[in-house]
Every structure is written in C-alpha cells, then in structure tokens.
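For clarity, chains are labelled A, B, C, D, E and F in written order, and residue numbers in each chain start from 1.
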Amino acid sequence: MFAVEVRDHIMIAHSLPGEVFGPAQGLHGATFVVDLAFFREELDPDNIVVDIGLATDALKAILKPLNYANLDEYAPVKGKGPTTTEFLARYIFQEMAAKVKSGGLGSHAGGLTKLRVTLNESHVARAWCEGPLA
Amino acid sequence: MFAVEVRDHIMIAHSLPGEVFGPAQGLHGATFVVDLAFFREELDPDNIVVDIGLATDALKAILKPLNYANLDEYAPVKGKGPTTTEFLARYIFQEMAAKVKSGGLGSHAGGLTKLRVTLNESHVARAWCEGPLA
Amino acid sequence: MFAVEVRDHIMIAHSLPGEVFGPAQGLHGATFVVDLAFFREELDPDNIVVDIGLATDALKAILKPLNYANLDEYAPVKGKGPTTTEFLARYIFQEMAAKVKSGGLGSHAGGLTKLRVTLNESHVARAWCEGPLA
Amino acid sequence: MFAVEVRDHIMIAHSLPGEVFGPAQGLHGATFVVDLAFFREELDPDNIVVDIGLATDALKAILKPLNYANLDEYAPVKGKGPTTTEFLARYIFQEMAAKVKSGGLGSHAGGLTKLRVTLNESHVARAWCEGPLA
Amino acid sequence: MFAVEVRDHIMIAHSLPGEVFGPAQGLHGATFVVDLAFFREELDPDNIVVDIGLATDALKAILKPLNYANLDEYAPVKGKGPTTTEFLARYIFQEMAAKVKSGGLGSHAGGLTKLRVTLNESHVARAWCEGPLA
Amino acid sequence: MFAVEVRDHIMIAHSLPGEVFGPAQGLHGATFVVDLAFFREELDPDNIVVDIGLATDALKAILKPLNYANLDEYAPVKGKGPTTTEFLARYIFQEMAAKVKSGGLGSHAGGLTKLRVTLNESHVARAWCEGPLA
C-alpha cells in the first residue's frame, strides 16, 4: 500500500455547545494544520499515488472558504452539531472524496482507495478521520 | 474511522539487561514523549471521539507514578523483563484500556474500539503498541 | 549566557481591523503555541536559570484568562489596537516581566536579564518579542 | 501489534520525466528524511520488536549508496520509471525486506510481519510504502 | 525587539567542488526549508512587524527561480564559489534586503532593522545568515 | 553573521539534589536532543562556517562518554553541583570550545567566534548555553 500526504492550514473561530466542552463552549478559535493522505494499492504508470500538484491545489480550494471563518456562521456546517476537530476532519474528508469522484485529482485518481484527514490543533492534540473511497 | 490523540511525557531511569542492548545495559535514562490515540468507528452525539479533557487527565494520571522514576525499582513493572520502549508502550496501553473499561473516560467511551500508544524516545527513534479494546 | 524555555498554548478568537489584514479582518481564530525563554548571564547556585516548575506555572497562569477567549471582548487588551501575534507576544512578555519583578519566579530570579516570548501560529508562521528585564 | 521506527536521511539529485511532474521534469534534488518502521504481533523474548542497533545500521547501509547520488545515473533504479518519492519508498522497502529475510536483523527478526517506509520530502509533503513481509 | 518569521521551501540540485565536501562533491540535491525572519525595534501603527502577506509573497518570489533548479547551471549564483547552505542563506538574505529597500514589503517596512534567513537541510543540520538592513 | 547547527542526542540517568528540583531529586533520566551551533562573521574560502563532517564527528565524540551514562557516577561532572540541563549545555560548550581551540574543527576554524549548545529535554522544555570563543 502507498500513500502521499500534503499539508496546509486554516485559522477559524467557533464555539462548541455542550457541557462536555467546558471552557470551549464560549467563542474561541484554532489553527488547524491539516494533513491529507491519499492511499492506493499500486503506483500509477508515473510511479505516483496522486498528482501532488492537483492534490495540493484541491486541499487549498477546500480549505479556502473555511480559512479566516467564524464556523458558527458558516452555512455548510451550521446545524450539524458542534464543529469539533473530529467533525471538521470528516467534513474535509467528504469534500475531498467528492473531488476525487468528480475527476478533480487527475485521470489516474480512480485507483485511489482511501483518504485520511488529520487536523493538528496544538503541539499536544490532534484528530483524524480515515476511510475508504466509495 | 476516527481518532483523537493527546500528548504528555515522562523522564525515567532504567537499565536494560540483555546482550542485545549493548551500552544500554548500564543505568541510563530517557525522556519519552507519549502520544495516546483513541479510535472509534463513528463520532458520539457530541461529534467527538472522546472527552479530550478526561483523556488528557487520564494519561497524566497513568504517567504520574512513572515520571521521575527509576524503573529498575518500580514495583508494577519489576520482574517482567526489560523495560524497553515497546514494553512501556504496552504497559501504558494496558493501564489506559483499564481506565476506559472502568468508566474513567466518560459515558460514551463504550464506543471506543482501539488504542495506540506511541513513545518517542529521541528525534530518531520511537515505538508504539496498538490494539483493540476488549 | 544561559536560557531556559518552556512551552504552553492558547486557542483564541479575534478579528484584526485594518486593511493590511485582508481576510483576517473578519472574526476568526488561532492556536498560539507559546514558547517563553528566560535568560541570565551566569547560572544560580542550583545550576539553573530559573525554577522550571515556577516558570511553567507562571506561564500557565498568564495564559489561563486568554485561553478559550474572544480577544475582541477581553478587557485587558481591548482598545489597544489589533491583537496581532506580535501584540500578544508583547502582552505576555509584559505579564511575565511583572511576575519576575514581583518575586513570583523564586528567590534567585533577580538574576534574570532578558525574556523572549514566541508565538507559533501555524507550521509556516511565528512571531516573537524579546527584551531586557528592567 | 507493536512497532519500532528509526530515522535517517539522504540528499539526492534526480529529474522526473513525464508531463505530470511540471517543473520537476528538470534536474533538481531533495532531502528525504526516511522513517523505517518494523512491525510484529508480539514482542520477542527481550521485550523488543527488533534490535534497534541492527535496524539503524541496516537502514544506514541501504541509504549509503543513495546518499549524495544523482539517481538519473544510479544503476539499481535506472530504467524503472520516474524515481518519485513513492518509488524510492518502495525501493527502500524492498531492500530492507531482503535484509530481514537474509538474517541481517538478528535471530528474532523472523517474527517481523510488516514494514513501512516513509520519505518526508519537505515540511508539507511526504509519501510512504507499507506492506507485509513475505 | 520584535520579529515575524515565515516559512517556504525549495528543492534543488548542485555539486560542491572542494575537498572539504567529501561525497558532496558529486551532483546531488537538497530540500531547503527556508525560514525568513524580519526584525524591528517597535511595532508599526497596525501592531505588526511586517505585512505577513507581502512577506510570504516576497519569499515565494525570491525562491521561485531557485525551486526545481540545478544550481550548477543557475546564472545568478554561478562562479561565486560553492553553493553551500550558508551561501544560499546569504543569497536569499541579499535578495530580500533588496526587496525591502525597493518598497516591496509595504509602506512601514522602513522600520525593519534586521533579517535572518535559516535553511533547514535535514532533521540534523541547518544554517543561517543574519544581519542588519543597511 | 553566519551559523551552522548540527544535531545529535544522549540518554542519561541522574538525580538532582536540592529542594528546588522537587520530584527530580530522585534518580530519573532524560533524552537530551543536542543542537550545537557554530558562528562566524564571514564565510571561509569554501563558503562554509565550519566543516560539517568534522563538526558532526566532534559532537559525537563529546557525547559518546555521556551517552547511556549515570551522571551521578560520571567523574568529569561529579562534585560540580547538580547536572541540570543548563549545566550539561555549559559542559558540552566547554568541551567543544576546547576542540575548536586545539584544531579539531579544521584549518579555518580559527574564524569561529561563538558557540551555542541547546539541550531539548522534552516537547515542552529546553535550555541553552551561548558564548564567545576566547
């Protein structure tokens, strides 16, 4: 199995309603350093997992509307529960899975089998969402 | 699949009996930067893998008696073979698995399926223990 | 010259008024991983720069009201211009300098000559404030 | 499951023929920081995954002919397609798998089940190859 | 004193003529992760050291012709001695100093007093060039 | 001003007598990831600060007797006060300064003006010693 992982980041505000979140119930924010890994079983004819230029651009395009946003007011995630690190990892996973499906990652991207999205929120905490591509 | 990982550290002394350990047979020590990852298949009703506050506190509680210890004299690990990085990763895994089972990680922690404990011992070496929760 | 540096972090929301800030004019947020370095010319009688336990606690105490805060509504920084990374580095510098002066860093802290506060805001950007202790 | 991972690096030149590589078609280079992980189901009688001294030496021996090389002229990889990060991860995987098989990793290395080779090419990109030992 | 530091990277090929370079005399390559720090004594009216958007763009513009280049054939550095990490740090320093002088870093950049350019070449080595702005 | 910095590490046991050390008074240990920076005003005729091969070997030679040692029993540091991180940074500084003076860093090392030794003891703490070469 092979993987390629690229990195970018977003800086967002949000509040996390729910007793479990303690002081994070109030409006605060985070830098999420995002690692997106693409997996496939065998390399494509160019000896790559994915076109890393397209992968980097696709991640940047997905993150652009999230960057510098107040997620409490960001329509695509509103009303879907707390915008936790885990939730955002899943949201970015779904956005990238859609891009792969629609051909945005190049002609050989059909061979991709899995994605993993990791959000590093500090030097002591991170979360990730990993799953197969349908 | 989802995961949340938290980080803490310990600073210990120990000796590693056995020819395979070469110069590490003598009394020396290590800083282990410990990453503990909790896994589950679906997010809980709060859109989280685990209560990160409880997870951080549980890890700190497990590490406390190990921190600043001479493992050659630490009863819970004495006589169980060399206290290698791998051995300590398994020990911390077992301690955390017990905490999850006994309810210490919150009411939704029953949905946790797996743990991974990584001990970073330097900028060039680390070890981990990963396994299902019974 | 000697230095000891300790690390902690905060997760805040803020907006940055001023054309120069572009998309960061809107409400967004950041994780700041904070490194605080203490300097002195010669080591104290215990061969240390500063009591690292007191230093760690002092940094945590300074960061506590900032953590999980919306800086747009945080009284101590309101009306003093944009709460940029640089501004916050200076604010934390001033808070720690006051703690050193008031004796909160231990009986030998009079020998401290300088502080440096670094705020890491992502994997590609950071800012710091460095200066002598009066 | 247990793993031990060791780190080393190489500094190489190469060109990547193929339209997909854009500006990387020309002769350029890279530092690859290489992480090699060894996996096994249960620890060996010394409570280890692998003799870390042998593992470190084996990785260094595999990397030595690659280090400071122009891969366009390096016989073992010539004519096998572009020497991408993924390709090199697989090449190092195969070299280490052969070393394990031939007994170079010690008398208990028969219990190793899997290898993973990660090549970090910058602060924003990496690739890995992971697979079972035959 | 205040500083802001931004990060980018280049991937280059070169050879280093001179006995002192040992195996690096042959054609090889490197990833240089470049940190560029801007210094000033007091913050500008926007509470910043420099417009971080302009700083990031300026660094990218300076690095662009170096990225994916064979430095042995790159006219601006040819014939000036070995293109060591130190040499490249100085070259990037000079390019950025010229940009600051010509107004490319914004209207308040006249207050900048110093630059530092760090090139990280692996997980175990880096070099930097630091100096005042004329 | 120019600098080159190389990295290595040691794993030691020690105890730190003195009330200020709290739980670190008992026998424990640490991994110290050591960064040694060499400074000079102008590059030498080979466009370098120091022969990085000699620098790396010199650091390794200095660290060798410390690695895997119990510092409580290590003659060169015994009776000189607590073997704190700061103390060890100074000790390594002095050892390297002597090597520079005795010609161990090559024929151009006379141009070196300063050294800095940083000991990273965990992901949240480090100390350094910096000073001129006599």
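Heads up, the rule we're going with is that a residue touches a chain if its C-beta (ideal position, glycine included) is under 8 Å from a C-beta of that chain, and two chains touch if they have at least 3 such contacts.
These numbers were taken from a predicted model, which means no experiment stands behind them.
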item	value
Option in B-D, D-E or C-F whose residue-number contact pairs overlap A-C by over half	D-E
Chain C on chain F, rotation in degrees - Cα superposition, rounded to nearest 5	120
Same or different residue numbers at the chain E/chain F copy interface, by half rule	different
Chain centre separation in whole Å, for chain F relative to chain A (CA means)	41
Intercentroid distance (Cα basis), chain F paired with chain D, Å	31
Whole-Å separation of chain centres (CA-atom averages), chain A against chain B	27
Sites on chain A at which at least two other chains make contact	7, 123-124
Complex contact set, residues of chain F against chain E	1-8, 43, 45-49, 51-53, 56, 106
Chain B residues touching chain D - in the complex, by the definition given at the top	18, 20-22, 81-87, 89-90, 123-131
Chain A - residues contacting chain C, complex	7, 9, 11-14, 23-24, 26-33, 67-70, 121-124
